[in-house]
């Protein structure tokens, strides 16, 4: 019995050793960890598609330091432990000198200790939780806005929209809880009453219980923070339950075009914060890269609804590529150093990093613009405010 | 009060599809002694077929439902003939392992075929709900409920009134005796699995347009079907029907008044309580442990 | 003589594993081995229930997850509100103590679940065990104050052991964790081996083979099923605790049914009710994904392969790989063997 | 080496001839059906008592009730002063009351020796913690158990088959193995349910010889059997059941002459033969 099991195990080990990965490195690898399946799959795929556009654009222009860049994209399955696994693979097996990720705040917070352990820089393209840049991780560089920045940008609209009592419905993760906390703080400071604060699991699909409670609360505005899949369902189910409050989605992962196609007229009258408004490319800081990105997106036949998400990946890869150029070599320490000096004219605006967090171990934070749009008559319009 | 009525209405509507899921699983267990882990995948299959016909091919909504159910029946028959027929007489654990294998394979084939991104299905019903005083319900959900009730009734007629149903009931009572009396056990098993699968696919096809469709939706559907069947007693159709409604009410009221996060936990807590105090389920007619 | 062969092969096997990192310095491969090793420990513990008592427990991941969460929470500390303003709080404790608590707690859960669920058998037992795992997952997901829910418990401390004369060992990174997992795996193997070759193990096997006959000779069914569950749960909890302090993050998905299924596949493929079965099955299914990856196989296809393999194994190798090989070996070696007889020398004096 | 060691012998307190098992007013019902009605009989220490009767007379039901496999509707079962009613089969076994089954019942997948080792369960002294810690006491106990198992195999004549899988034994030896397993549980009262059914005459003869050896150990035997040659050959006393009731109780010679017994057995058969 023993002898036989030993033989088998040897055979298995042998087979796996033969198949071990060992390839010559002629390109500069950049790691990407995104949720390509699971609850955040739609957004994660859009970001990956945007990243691929940037990869091809950079390589068509001759690459970086005379070499082509090569994205290694790993699927975190919308799960924090899996996300840590992807980073482990990217750094230990693929030996990438820099990583972009990880979409959701929870996923990003999950991988941050690994990033620190291996001292590899991470460019955060989407996550909004304040904790990411205030926890003293000096390998984190965020190009997306924090929930707090978003809430502050929203402040002037409170009076204009005439919000008196607000309810909240958000995912029970860092993204949702963080956003609800910042918005409710800002609203309270501006004299708005807070009704109920409901949460949901990121994988939930039936919100009738929460929406029924929100209806009973009787607020005039409902703030919703989650990914586009759940926003679609919430808009539909709110309409079914005759919840006639104004719905505002925060966090910028709401893909209004997708809402128009998937939620139909249930989407009418809803407001959405976005960080890139592809319907009005002329209002953005850098129309030139925005148009280049949009053209390529359309050419590749990607979902138009993903435009508001894909640019994050596009900008993220450009930021890393620029940092590698400045560093002059594809090594983690040099790239980390270089990211502080990196300036990119991106879709997010002029990307550059200011210091945030405890002195001595600051993280980098970019300050992008925030836009509020409205869906009206099956079309995305300027909120008119 | 309004809030309670709304919750109750929601639960009623949800209960119809839960009952469909439960009846399919309980039939398969009662007659074939198979714990069907692919049940949820048939649910997902029904939902994806609905997506394919309505959104990709552009077929009529009603026709698509019929097609989705028919394909579910066909897939069920194939699974029974290919995987289960040769395991006739094997112990329950063996068939369970095969069904787990099939479940994993099917779910990942779905993932390959449709990608991990959730799909939504448009329904032809007006999005403005039916309003009754302070409570309201969407036309889509009403339709789902009506179809579910019709399917439950039809299943009962099939089992009580037809020759096939008689053969199924005879097999349920005593397989050997039924075989001696000339019942073709192979046919009964294939028909049972096909029928159970068709009901699961129907639940998926009906709920697909209400929610969204993604490859792992079947997992929760399977677990809920297990809960319903345990609640009603393995092998009992009335038990599964009532169990479906009880679970829906528990979930909806639990979510509405206790915590929405524990919505899905209700069913499992119920299972554990039931097994503590009445292990054969609420409506089991026959001792079924062992 | 066969005893000596067994001992020699066990020792050479252990020596091979101990020296492995010395000549195999691919860190990623070491990582794969660590994760595989942890799953093998969990599979070995499941084998005690599935293979020896014959109970198809499909909630096993619950004990693994409970071990991971308890060990993490005790080492991180927590404060929760129980009623009104009353709070319960725990200061962070050393990791070794946390792991010990985790094993005990998982064992305790095993005790309670065993007491409840062994009232029923067959399909009911299976569904109860699945439900139990699902309830634990939902608690982990929704009890935000304690578990952080979907935000996961992060920054879990690693194990530090002060060994007299050697100084402190930090179990961070690949090498120390590799040896930790190896040690835990050997410990688990030894415990299970001792158990199944004793009165208790024979009672469990007897229950699997013929329950009425077993009770007729005085075996207390529930007692030994519960004992098997407690040991099994404790060892699964140990695997979970090692896992938590290695990956240093735990989220509610650790309770997903798919992990139970992975363990079941490992046990069934290798051979349930054999000591080597879960190890062989675990190595195959732990390393196979990496082999498949070498051929650029997508993870979904890999899982489809798993599912199909599982079906094929049930059809063609229902006992698993190890028993099949053992039978083949016996047929081959049996021709020249002499018929065994009663040992003439009693090894140890009777009391 | 000579058969069972001293610990197997019945407790010294049991005086031969005194009542060991006392069944009083035992009734067993399945749903509406009465399987055993108001059954009263005693088994004395050291004797071989046979329970006979036509099929469906309630013999196996009585067996099952005594050993705790079914619950009696009323009555009492007392063994050596301890009430057995309501106890689980394993608790009854701990009182020294051990049975075999009508259908062949062994641990099919295990070697013959291990089958007997399982039977020795109650004789083992191993605490779970001691097992896990691998304490030397456990090893010693195991060696002792193996020795006892070999003794029992020698007693029933299966020592040559010790390492074969039970499932591979021929029928006659399987039935011997069943008895070996039961004997291992150290019974003071052994209940045998049709042990020689299906055996050929030479196997039956060997079994009767084995019964003699068991008896010589001082084990009381309660036998259910259809083979009248065997019953009359080994029994000290015979109790005859018909339709759930006791119709006769006495030594074999008296039973053979009892008109009620003849009617129940032969009469029934004559009627059937004529009809």
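So that you can tell them apart, the chains are marked A, B, C and D in the order they are listed, and the count of residues begins at 1 in each.
In the analysis below, a residue touches a chain if its C-beta (ideal position, glycine included) is under 8 Å from a C-beta of that chain, and two chains touch if they have at least 3 such contacts.
Because the structure is predicted, anything quoted here is derived from the model rather than measured.
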Just to be sure I understand: the centre of a chain is the mean of its C-alpha atoms, right? Then which chain's centre is nearest the mean of all of them? C
Roughly how far is subunit A from subunit D, centre to centre by C-alpha average, rounded to an integer in Å? 74
Taking each chain's centre as the mean of its CA atoms, subunit B sits from subunit C at a distance in Å of 33
Inter-chain centre distance, subunit C versus subunit D - centres from mean C-alpha coordinates, in Å: 41
When the C-alpha atoms of subunit A and subunit B are each averaged to a single point, how far apart are the two points in Å? 36
Residues of subunit A that contact two or more other chains, please. 172, 201
Residue numbers in subunit B touching 2 or more other chains? 111, 261
Shared-contact residues (touching 2 or more other chains) in subunit C: 141-142, 149
Interchain pairs in contact, sorted by label: A-B, A-C, B-C, C-D
Could you please specify the touching residues of subunit D with respect to subunit C in the complex? 67, 69, 88-91, 93-94, 98-101, 105-110, 114, 117-119, 121-122, 124, 126, 128, 131-132, 134, 138-145, 147, 150, 154, 159-160, 162-163, 181-182, 184-185
Show me the residue ranges of subunit C that touch subunit B in the complex, using the header's touch definition. 54, 56, 116-117, 119-124, 126-128, 130-132, 134-135, 138-139, 141-142, 149, 257-258, 261, 264, 268, 298, 300-301, 303-304, 306-311, 314-315, 318
Okay, in this complex, where on subunit A does subunit B touch? 36-38, 41-42, 45, 172, 198-201, 204-206, 208-210, 212-213, 215-216, 229, 232-233, 236, 239-242, 262, 264-266
Listed in rising order, subunit B residues that touch subunit C in their complex are 29, 33, 35, 83, 86, 92-94, 96-98, 100-109, 111-112, 219, 223, 226-227, 229-230, 234, 259, 261-262, 264-265, 267-269, 271-272, 275-276, 279, 288-290
Enumerate the contact residues on subunit A facing subunit C in the complex. 1-6, 8-9, 12-13, 15-17, 19-21, 75, 79-82, 84-85, 88-89, 92-93, 106, 109-110, 112-113, 117, 171-174, 177, 201-202
